[in-house]
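First comes the structure, then the notes that go with it.
Read from first to last, the chains carry the letters A, B, C, D, E and F; within each, the first residue is number 1.
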Amino acid sequence: MSTTKASQSTTATASDENPSVTGAFGSCPLPIFDHPNIVMGHGSGGKLSAELIDKIFVQRFRNPILDRMDDQAVLEIGGMRLAFTTDSFVVTPLFFPGGDIGHLAVNGTVNDLAMCGARPLYLSAAFILEEGLPTQDLARVVESMRDAANAANIQLVTGDTKVVNRGKGDKVFITTTGIGIVDRPTEMSADRAQPGDKVILSGFIGDHGITILSQREHLEFESDLKSDCAPLHSLVEAMLNEAEANGNIKGIRCMRDPTRGGVATVLNEIARKSHVGMRLHESSIPVRESVRGACEVLGLDPLYVANEGKLLAVVAPQIADQLIVRMRKHPLGTESQIIGEITGQPRDMVLMKTSIGGTRVVDVLFGEQMPRIC
Amino acid sequence: MKFVDEYRNGDIAAKLVQKIRSVQTKPWVIMEVCGGQTHSIVKNGIDHLLPAGIELVHGPGCPVCVTPLEMIDRAHAIARRPDTIFCSFGDMLRVPGTHGDLFSIKSQGGDVRVVYSPLDCLKIAQANPDKQVVFFAIGFETTAPANAMLAWRAKQQGLDNISLLISQVLVPPAIESILGSPQNRVQAFLGPGHVCTVVGYAEYEPLSAHFRVPIVVTGFEPLDILEGVLMAVEQLETGRYAVENQYSRVLDRTGNRPAQALIAKIFEVSDRKWRGVGNIPQSGLRLRDEFRDLDAELRFQVSDISTMEPEQCIAGQILQGIKRPHDCPAFGTTCTPQHPLGATMVSAEGACAAYYAYGRHLKDTDIVTIGETSR
Amino acid sequence: MCLAIPGKVIEIRSQSGMRMARVAFGGVTRDACLEYVPETRIGDYVLVHVGFAISRVDEDEARRTYEALAELGQLDELDIPELREDGQ
Amino acid sequence: MSTTKASQSTTATASDENPSVTGAFGSCPLPIFDHPNIVMGHGSGGKLSAELIDKIFVQRFRNPILDRMDDQAVLEIGGMRLAFTTDSFVVTPLFFPGGDIGHLAVNGTVNDLAMCGARPLYLSAAFILEEGLPTQDLARVVESMRDAANAANIQLVTGDTKVVNRGKGDKVFITTTGIGIVDRPTEMSADRAQPGDKVILSGFIGDHGITILSQREHLEFESDLKSDCAPLHSLVEAMLNEAEANGNIKGIRCMRDPTRGGVATVLNEIARKSHVGMRLHESSIPVRESVRGACEVLGLDPLYVANEGKLLAVVAPQIADQLIVRMRKHPLGTESQIIGEITGQPRDMVLMKTSIGGTRVVDVLFGEQMPRIC
Amino acid sequence: MKFVDEYRNGDIAAKLVQKIRSVQTKPWVIMEVCGGQTHSIVKNGIDHLLPAGIELVHGPGCPVCVTPLEMIDRAHAIARRPDTIFCSFGDMLRVPGTHGDLFSIKSQGGDVRVVYSPLDCLKIAQANPDKQVVFFAIGFETTAPANAMLAWRAKQQGLDNISLLISQVLVPPAIESILGSPQNRVQAFLGPGHVCTVVGYAEYEPLSAHFRVPIVVTGFEPLDILEGVLMAVEQLETGRYAVENQYSRVLDRTGNRPAQALIAKIFEVSDRKWRGVGNIPQSGLRLRDEFRDLDAELRFQVSDISTMEPEQCIAGQILQGIKRPHDCPAFGTTCTPQHPLGATMVSAEGACAAYYAYGRHLKDTDIVTIGETSR
Amino acid sequence: MCLAIPGKVIEIRSQSGMRMARVAFGGVTRDACLEYVPETRIGDYVLVHVGFAISRVDEDEARRTYEALAELGQLDELDIPELREDGQ
């Protein structure tokens, strides 16, 4: 039994030799601290997260699979390639327009399996319930998980339930873990982007993050926005079929779902792992009017806002256009766009041509985006 | 979005750049006063579009950068109090004081809340009558009406558990201080459009006249800024100096009278210390005597705050456009965005932080060149 | 300083003695205090900073100045701006 | 690809046709309610847990693997039998004599893999951190996980980290999920116990639960007690080797680690799933003096107290004695005992011959054991 | 464990059973008064060891069973108050009131805490000066000294945020009520060993004499109970009736004087309602006037508690050994441990709950027979 | 009612004016209040209920009565108790 490739769900690894670029457009004040305590930013998907994961986890567990740091591990067991991924879901509120925590917990794991080209097979779910949670809410969440699992054709086969004292949890936390099988000769990995490759985005960005934000009571936004939460496995399948039909399945270099940390964070990860540059075109990135409106008012950048039903792919230029055509026929890919390309220089960085023709650096944030006055 | 999208038109931007290029005959140093303008410039890559001879320098208009370290430490001391709900705009949460930032205070159990509007504090105070609600009222003239309204409403509603920790500063004295320096390099200003929306621009006229410097009150969208630069360059090239209003759809010479009235009712002008610059006479606002009971500085006697900015930091000169980050020996070595030593490294709009982002990479490759030519 | 965004007033009401508006920014709406722009009517655009309308956008003035800008855009189609060669 | 057997981590399924026996020796007042909210008892491992799992989860996910309700699923993928199990760990305090939450999180999952005869291979870990957690504590926990993973020869290959606001979590929650391979012709399942089989217990009971209890400030017990937290895979391996050497690997009918809910709960599960009776001998069940002392003072029954390094096995009578000999040679099995036997009647129940020669029913509790005055 | 293990010796138990068998010539009904004895009997399977002619009936000695529903509802109303920390022995948490149990109140945000000792409430009150700490002071004479000490110390330490919700009952009036009933079946009592540890057994002597009934004050270990049964059977068989002390290593006729003294200082005897039985004159304790300010019933005026026990419930007769659970039409149908209707189904020691556990299975198979013969 | 367990007094001290003991039960120790058994010395066994010692165990009496019981245990080895035939 050997191990080919694998990785851990995280965003970027900021190593000490490679001090990061300060986001030219980030939250206003951005210093990092060597925090003696966990702060919210450690869960943001940004540099603080990466630093924590690197210093606390990766340095202690060092092994070739974990070191790959993808959103899923790909294990070779008995000649089969199995994908294995885990995520905890802690969203507030539990129910939001377009979905709920159960939906999210199934689709998030389905998507992490899909992103390495795996067919989702089996799911486990571990629940941490806060004393006082209305049982009916739990039932709704579980029904939603069932529907999501059925839709993604994944089977929930094992689980666990713990209860914590009131005030020691937050209604429901769900950890889902998925197993899938990689049964095509794909070679998808964040270190395979090459100069000349195209960057594909499957649709509007920021819907999930802004939907959640607008549900927080003190912000009091109203909109018809919905989370984009959806299972991407069939869109991925369509893409793999198209690439295969073009005799170039290896032309799909890598895929990622830009969840926590958003498009900017994921693309920076790919740039660094592949040791290439990337140039995006702001005007080709689809953002809904409501997401833009909320972002303008709060001073947020949609490039850093979470999505739960979008994928980014780096693909060979020869198949990019065919993939776009195919993706647009899929209900989850109707707004697919080529949003940029891989460049040779400057390595490890993402630049963006702005709508007015300027250029800026698109870096990873340190922590969470905060509403700004300035 | 109306009044937003139009001003991000790439074609018109290209024409404006072309126009600037055609008007410009020699190099000019122009300061955009406001951090919001700096933000827009960086976000849209406007600096990379301008002809090489137009040097934009970042002004002191970032309330986060200029809030003195003592004030930040005072805020932190109050936020640590167990009986207190400390409310702040999001920008301030990551600003380090002597012992960590508001995020770490929150992580240690402090009740720190991000508000979008000062008015949110009224609801919080009503819902938590047994807690002291303290609002960190930072800002320039633009934010003063909002902070004033909080004080006014708190008083009117008899909410005696609200107070304000005030760090309100005014732009004209800062411009005066920049222009008054013998080392001044700034030849024209993009005036702060949203500050002037509140106060008008009449008070900029004596400055322009006295220092013979063009001031173009400018908006925040890319086309606003490019037009503001064009208007400034046109004045510079023709040897004129006047206050002009690029942002006429939003503001006029007199500003917002009702806002000015409430500001005057609540606040009075006072000396203020600016981080990195030091004390500037009559450069800030404080609560009038009738509202002093709302002053968190008095309500919570925080003793023994003595802070020291590192000696080698030249942020004050940088904030005034006199020196550039490269001139600082700490830049990029002991001072980085992860561990900022001074004001201009604290915030993303601070000049040191912005230069750090680019400077490192410019050693190897020119971002702009590559960004453009590898198309 | 001073992030402020124009939005369209779609509803006006009085709330605990303050004049408040529902303002639409793109596809989202949020409350803003109208005390500083008392002349505002439904349909007007206001510039909102930290929950306060601090100015009413003058639509005539906006149209006038934008048309001047747009004209600039139509002149001189040939003259594509050159690229700078360095980042100074 | 097909699915042979699997199951979900839980304790007992109390169905409506089969109203449960009131524990003859349980907490004093024992009524169940149709709780509209989650109460602590839903996480106890007792009847309330079983009811919740049945009503909320199993009834919604109905599938042949999940319906087995073991502590792990066994999946047949491409001709291989893979074990798959998940558990969330929420212990307070994080650090306790004999272990910590990290130790527990790795060993708990290693043990659930081992209990179906699987060799542990890969592990995922998902962390939910509460804002304010000392980073050093997290580092200690992670180090402990590394050591435990190394000791159990399991590789951590993927993970996730989320941060929740202070007061919305409890320092650290860890969800581990494990994959193992069942590469011997075992047939272990809780429904395979047969009249005449022997019940084996690998050592002293109650150490873990009482250690944790004695750390709770208001109880203020002192003792030299330590959690028994340990990985059982090598003890299981020794047992399988022994059974194989006796040409009777199928003579090991099933194994369980009596964690939450204790020995009593696990044995009731086996009795019900196998539709057999069981008779225990109180005098053969090893309980340490300190565990007994604490239980006497608080009115608790060690049979319901959690263990983290013990196993129960139901085995064919032909190999029981050989297994005991072999187990006693293993450092984790030195106190192994035959504690009872499977009977034909009364079905679905566990009886116990008490030390003074009486007989009592050993039922599942409704909720948590509470200290009693009476 | 010394004084524990010796009394669980199986060989001696067998001999005691044999002795009982050899002494007994006809059937006898013996009531163990105390729920702790019931517990020990069930836990050790003692009832299955005894000769068929010895019928042990469970007495009213379970404080959880006999606490009136109104008192439980009152406790719950107080526990729901946001300013209150409600402390209780673990036993009471699962007892249902009209609207749920203390576990559900805790799950809905009530601050409900399990204490091991009443003294724990002192620490809780000191640590939470802004909260009202209420202790649910249930129990028989055994627990009275502990509850009295809490009241005494709270007063002495001036902790004015402690109060006690008192449901203290006394055993002798209950025995008198049982024996006074025309339907009485009980022929001898195992007296409550730990109650008598506190109060002695002198007050049982007039009861024994008046009703001509043997009372053997008995301990709680298996050998204690078997010896107690033997002593009772010996009296019954010889026609004697006296108070005898099986538990002489722990108690004597006079009991614990210091404890009695503090009980008398804090409490006075009063009427009390017993769940399922109704009011029994002079069968409980209440705070004396000097300590009434510690009475949670007075401190928290809980209005409008009216509860109704279901009509068909015959728990009162069962608690008095007059009827058996099978005689109740609700038994096992509308009344189960999951949904108890009456007192004796509420607690595991309650007769209905215990019978339910066995009764169900006895339809098919006799647990005892099988448990023994399939060896 | 009335779970009470004998334990051995291993330490006696005064704590905020109350006489308190550390009592060992098997392998664990816990505090108990000694106010009601003032004569107690280290080494004594006390019966503890809800954190209070309510009696000192009389070791002589215990030995005497236990010996009587134990003697019973030695008599009559032959006579193994018969099993009941029903659950009544």
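Basically, a contact is a pair of C-beta atoms (placed from the backbone, for glycine too) under 8 Å apart; a residue touches a chain by one contact, two chains touch by 3 or more.
On a predicted model such as this, the values are computed, not experimentally measured, just so you know.
Asker: Strictly by the touch rule at the top, which chains does subunit D share as contacts with subunit F?
Answerer: Both subunit D and subunit F are touched by E, going by the contact rule given at the top.
Asker: If I list every residue number at the interface of subunit A and subunit D, are over half of them used by both copies, so same, or under half, so different?
Answerer: Same: most residue numbers at the subunit A-subunit D interface appear in both copies.
Asker: Most remote chain relative to subunit C, going by C-alpha centroids?
Answerer: Most remote chain from subunit C, centroid-wise, comes out as F.
Asker: D-E versus A-C: which has more C-beta pairs touching?
Answerer: Counting C-beta pairs in contact for A-C and D-E gives the edge to D-E.
Asker: For subunit B and subunit C, let me know how many angstrom lie between their CA-based centres, rounded off.
Answerer: Going by mean C-alpha positions, subunit B sits 20 Å from subunit C.
Asker: Would you kindly tell me how far, in whole Å, the mean C-alpha position of subunit D lies from that of subunit A?
Answerer: That pair's centroid distance is 35 Å.
Asker: When the C-alpha atoms of subunit A and subunit E are each averaged to a single point, how far apart are the two points in Å?
Answerer: The separation of the two C-alpha centroids amounts to 60 Å.
Asker: Listing for subunit B: what residues touch at least two other chains?
Answerer: 1, 4, 9, 14, 35-36, 48-49, 62-63, 89, 106-108, 116, 120, 139, 143, 223, 358, 367-368, 372
Asker: Which parts of subunit A, given as residue numbers and ranges, touch two or more other chains?
Answerer: 35-41, 131-132, 219, 289, 292-293, 296, 299, 357, 372-374, in rising order.
Asker: Residues touching two or more other chains, restricted to subunit C: which are they?
Answerer: Residues 1-3, 5, 25-26, 49-50, 81.
Asker: What are the touching chain pairs in this one?
Answerer: So the chains that touch one another pair up as A-B, A-C, A-D, A-E, B-C, B-D, D-E, D-F, E-F.
Asker: Quick check: in the complex, which residue numbers of subunit E touch subunit A?
Answerer: 106-109
Asker: Looking at the complex, which residues from subunit E come into contact with subunit D?
Answerer: For this pair, the touching residues of subunit E are 1, 4, 8-10, 13-14, 17, 35-36, 39, 42-49, 62-64, 89-96, 100-101, 103-104, 106-108, 113-116, 120, 139, 143, 222-223, 336-340, 345-349, 353-354, 356-358, 360-361, 364-365, 367-368, 370-372, 374-375.
Asker: Hey, which residues of subunit D end up touching subunit B in the complex?
Answerer: 131-132, 166
Asker: If you look only at subunit A, which of its residues touch subunit C in the complex?
Answerer: So the residues of subunit A touching subunit C come out as 210, 214, 219-225, 288-294, 296-297, 299, 357, 372-374.
Asker: Give the list of subunit D residues in touch with subunit E in this complex.
Answerer: Interface residues on subunit D, with respect to subunit E: 19, 21-33, 35-41, 218-219, 277, 279, 283, 289, 292-293, 296, 298-299, 301, 343-346, 349, 351-361, 363, 366-367, 370-374.
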